[in-house]
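You will see two complexes here that share chain A, one where it goes with chain B and one where it goes with chain C.
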Partner chain A sequence: MKKRAAWILLAIPALIFLIFIAQYAASPVLYTVKDDSVTSSHQNPEALKQISREQSETVLPLMSEILGSTGTLVLNIKLKDFDSAERDLKEYMERSRQLDRMVINLDMSETELAEFRRNNQKNVQSLEELLNDTRRFDELQSLEIRYRDENRPELLYSVMYEGETLRSRVAENFKGYQSRSDAMVNTSTKFELDTAAYEESVEDFEEIVAAIDAEQETRSTTTHAPATPYRLSIAVTPDHGVYRDRLLIAGNLTGRTIAGQNITLFIDSKTWTTTTTDDGGGYKAAFAIDRIRAGKHLVYAVYGSTYSDVVTFSVLPLDTALTLAVTEGTASGNRTFSGNLTAAGMPVAGAPVAITADGKAFLSATTNSAGSYALEGHLEAGTYRVRAVFDAVAFPLNASESETVLIEIAPSLLESPLLISAGILLLTALGAVWYVRRRRQPAPAPEEVSVAETEDEEAPAPVVVERPPVEEEENILATFARLAGEGSISDAVHALYLRLAGSIAVRHRIDGHAAMTPREFLAACRSISCIETLTRFIRRYEAVRYGGAVPDDSERQELVAWFEDLMKEEAGSD
Partner chain B sequence: MTIRKKYLAAGGVIIWLCIITFFMILSYNLDLEIFFVLWLIGILIAVELIDPAFARPSYLRYLRYAIATGVILFGAIVANKVLEILNS
Partner chain C sequence: MHLASTTEEYSRYNIQWNGTSIFSDLAEERGAVEVRSPDDLAGYTGACLLLIAPDTDFDDAAAGAYRSFLERGNTIVLADDFGTGNQILGALGSEIRILPGNLSSMDMEYSDPHTVIAYRTANATLVDGVETLMLNRPAALEGGEILVQTSILSWIDADGNRHIDAAETLGKYGVVARESVGAGEIYVISDPSLFINTMVGLDSVRDNHRLIGNILEGGRPLLLDAVASQTRADDGIAGILHTVKSTTLIKTTLICTVLLLGAYAFRRKIF
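== the complex of A and B ==
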């Protein structure tokens, strides 16, 4: 009674506790620092610390390495150690790629870090161009020496013009690099990063521009136009334009035979086109601004070994507008992404457009002549924020992004949440059933061995001693009669009980019957059909075994009869 | 001896729960799911340690049913987490 009261006393508070805790089952997170804010304008400083710690552990060392890389890279370019600069550039690009991945994975796309990343991407491009241009400028010096030795003034003049193009390009490049410097330094200072190497790179870049300027200046003063009987003029009208504008490049050839002569036009030292002079020696060609970077460009004309002056024109960047529409695809899980790219209302043809899902580019398309693009792509089940992005330096157009489109891909039947939940629950339920019903494997009985000691044998073989015959092996009733005849009636009834209990326990899967008292065993056998006979048997057994009663012959026969009835009953129920 | 083991196991599980609570408070993160899973692990270990080889005390029999219920709840938590990941 006492035990039952204790159980009830324990069960009531447990039940109350479970009822209280059950209301939190739907949202089991009771407290986190991030949620510890009374209003949306407040936040626990501990949560901020955690975020900044996460950033500082992963991103800040990488940002520091990136800033350091620019210093050594530009220094090596300045010292004209191009092989080392090439290696530095590769490392720098790899680190920048790592930063890009990290910013996307840590979802920092709207932070100052994202601005650092964008500026760094432009710096990567800038330094790659710087390396290529300075390397080419260095090669021009070798060519200049060779052509001077060979006394080939027309080739010297082409070297001079190419040098001019490179000078202009490096100077433009520097302007961009310098303009990003303040933003880079400010962001880095906020993150407490050392910007000395980066600032040094800006100074070194400036020195490179100055050195190229000086060398080119010397080259242009020492290089004279080859003496030819012709003169070639050139002009660009107008001297600036935007995407899709047409510039007129025209001039005159004067000399002895001027009609029908081929004039080759160069833009940024690369052959652009060849045109023919008219009867008066005039030539003209229309240049459509299309796939050319924004900025200053050089143009000159060549007729044989006659060079025109170098004239410049500027291409101004235009803002672009990009649209995105997402529709169902042809296959399950597929979506069709389509839209238009325009610049000041004009369609942009042949431009690359990247489709990003949650900041990661996963498809790329090219616009057609009408400025539109359409492509189909597959996405795994889930919700995505999709955007179209245009960012191509090859076009004189500013980068643009479309509006964000939220798309949801439903899972297939096999991925259905209901099926997955049911599968997991079924597995765990099976595990629970196995856990409840499992039985321990009984440890094997140790074999008794004795060593037969003989003087002749050095290593006597172990002899297995046979165990005495167990009761199961002989007729249990004979054992009962033998033990009763010897006067051990208590052991005799115990033998009967053990055999009976063992048999019933096996048949009805009663665990641990050997550890139970006869009463406990009887309680465990409540559901068997011959419970009344078993009750009588156990009452008599207890009286003999524990009460010390000595049954007379009729009582013994009665006990044996109950035993036989129970065994028959058990055998019949099999 | 069996009684002693029973109380030792109960004491061990209580200490284990106190340790879990202490570290949850220390990390400013009180999560019932984590608490429940760690309790289940603790009780499974305790039961395996006190379970006698040739007998099955009645208190262990009832405890097994409690653990089996815990395992099913654990399955529900895992299923919920899998769905959260799939939907994210």
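== the complex of A and C ==
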């Protein structure tokens, strides 16, 4: 009964202790310097990681290089050194990508730096188009010379039309580049950057526009429509529109055979569609404004070698609205991100939407025909500021961002303190049950175990093996006799002591006897029945082993007799 | 050596990370004198008075004494980021003002934008040899001659989220400023945390040690303000022990009492 009460008395505080400590199971460190590292005035740097990050020494030179790149790039385009311009463009694009990454990594998406980055992204696209268009315009000059030499007026006329398109595009491009100039210069000035090269790029761009304008004007006045028996008219109604509007492109073919003729329509010098004339020579096609950049566009119609005039229409940009809702996903740590993209209340289909977490894009989706998107993504445990972003120049739509949604991803169940606590309690309970059962088992019969024979004085602990046979005991006496005969009486008595101590230790459950001095071992054996003989044996052993005494024959026989008596006594006590 | 400690911010008796015990010991080793009353300022010329994190305003008498001290050609170094020092600056006739707020920067020494790196922009005795400083939740300064300022990638983190939001603006902000008043000089440092134990104890962090060295070893008498500075804070046991340590009669009585108790215990063979 007393034993049970003692168990209960021990179990209760152990349980209380476990309950208290379980709350720290998920984070077992009871105190770190971080626990006490922040006040309203300062924080303890020792609780922070030293990073010595001077971003201004990276960001500002990069911005400066970007501004410088525009200057040399546009200058080389103006000089028609297209190979150099190509290299400049590559460098410029690479620097711009570096800036993009930096702004995202620094999570500075709401700063003037981000505005600089956005304007620069548009400039990259603008200058890439400028390089392509001016290079093509330059090629048109060669073609014009060739076609004139070959006297091919219809091809000359197509050159003139493409030149017209390029002139229009470059002029439109310049308008955009120029419109961003003030914002770029203002931001750069605030960041104390030299804007001279960038401002020169605007001036050079303007000169390129003027040069193309002049050349195209000359070309159009010197190029005459090929003599054909047909005339082709064209008109766009209305001459402007916004996303999802439909423009009617229509005209008439006049001449000898006008019914059922194929008319090819070109938008911005690229074949758009082919339509057929009706009985009266009329043709028409509806152009739905969808994926086309905002701005001015050129249209003309071609029938054989008969060209219509070039007419223009404008696509006006619309503001967009983007929503974002975050709901639980199908798996732990997953979230479903969904929303709608609309422009003036109309759904925007097929548009790319990026999902950003703390400024970094980690998912992308495409809207369906209803302007909706939905996708699932995984985030590690933590708190995130999530936003959806739409920014696609291929659409005549202004960029937009959703409201920021703050989401918190909880640690998975395996990391939950509750589960860890339960696990610890379960393991503890299992351990306790195992321990109690083990204690209740009867001690193994001593006949079954003994101490391994060891001659090694430095053996750390006895190894439990099967009890040695009687012959082995005889061997130890033989060993004693041999060592004594060789004059190593100290080793001889030591061998006897080791065997005797090992045997007694096993039988009487004396732990660590190998680490004990003979006196300590004797003290540990005070309750055994043959303590007096053991005392005499150990006194004699110490005198020989440590005192250097050399026993005579009778003393040796006496020592052996004590050993045998003790071993027999131990065997008898079993 | 400190017999006991307090946890009061900036207290010279606080030996923990947020106290100023190390700096105070360094100053005392160099002969700094503690100013416990405005009257203690009388008679000084060419001295430097250091106020760390003032938490009280000056009354007219104190303002007069400090202003007189300044106009006699002395120097006052005021370190404050809470803006309490603005009343003192006004009383001293200074144009410099402290703009309380979480000044943050992308140029950071530790993984927190509140550990701002600032750069020297002008020369002055106080910042001699100082190129960069690491500040710990500093404020911004306006007025005076800016000696040290942050980089352009800095902002005042109004909502304290360590992130620059649309309503927050990037810009350079002064953190050490200087101004002449009469024959004297005022220096304002917008971060008293420069003097706390953990900051003073940091090895090789920017030129902070140089700035502190310029204050401690400026070749002029150094006075440590204990009138308005939070360094004087000594609450609880630390306060009692400080009183005991600084009052000879109490100290003598206490030693005698301990000796008598020891003698009594020895006689009665208690030990």
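Criterion: the second predicted complex is superposed on the first by the 356 of 574 C-alpha atoms of A that agree within 3 Å, B and C clash if a C-alpha of one lies under 4 Å from a C-alpha of the other, contacts with A are read in each partner's own complex, and residues count from 1 in each chain.
Criterion: contacts are C-beta pairs under 8 Å (C-beta built on N, C-alpha and C of every residue); 3 or more make two chains touch, one makes a residue touch a chain.
For clarity, every value in this text was computed on a predicted model and none was experimentally measured.
Undergrad: Just to be sure I read the superposition right, which of the two partners does A:112 touch: chain B = first, chain C = second, or both, or neither?
TA: second
Undergrad: For A:190 in the superposed arrangement: first (chain B), second (chain C), both or neither?
TA: Only chain C; A:190 stays clear of chain B.
Undergrad: Is A:424 touching the first partner chain B, the second partner chain C, both, or neither of them?
TA: In the superposition, A:424 contacts chain B only.
Undergrad: Output check: A:203 vs chain B and chain C. Expected answer is one of first, second, both, neither. What do you get?
TA: Neither partner.
Undergrad: Once the shared chain is lined up, is A:383 touching chain B (first), chain C (second), both, or neither of them?
TA: first
Undergrad: I'd like to know which partner A:239 touches here: chain B for first, chain C for second, both or neither.
TA: A:239 contacts neither chain B nor chain C.
Undergrad: Which partner does A:32 contact after superposing on A: first (chain B), second (chain C), both, neither?
TA: After superposition on chain A, A:32 lies in contact with chain B alone.
Undergrad: Does chain B (first) or chain C (second) touch A:41, or do both, or does neither?
TA: Second partner only, chain C.
Undergrad: On chain A, what residues does chain B touch that chain C touches as well?
TA: Correct list for chain A: 36, 46.
Undergrad: Can you name the residues of chain A that touch chain C in the complex?
TA: Interface residues on the chain A side: 36-37, 39, 41-46, 48-57, 59-60, 106-108, 110-113, 190-192.
Undergrad: What part of chain B is in contact with chain A in the complex they form?
TA: 28-33, 36, 51-58, 61, 64-65, 67-69, 71-72, 74-76, 78-80, 82-83, 86-88
Undergrad: Which part of chain C faces chain A closely enough to touch in the complex?
TA: 9-10, 17-18, 53, 81-82, 106-112, 114-115, 117, 134, 136-137, 151-153, 155, 163-166, 169-171, 192-193, 196, 198-199, 202, 205
Undergrad: Residue numbers of chain A touching chain B in their complex, please.
TA: Those residues of chain A that touch chain B are 21, 24-25, 28-33, 36, 46, 381-383, 411, 415, 417, 420-421, 424-425, 427-429, 431-433, 435-436, 440, 442-443, 511-512, 514-515, 520.
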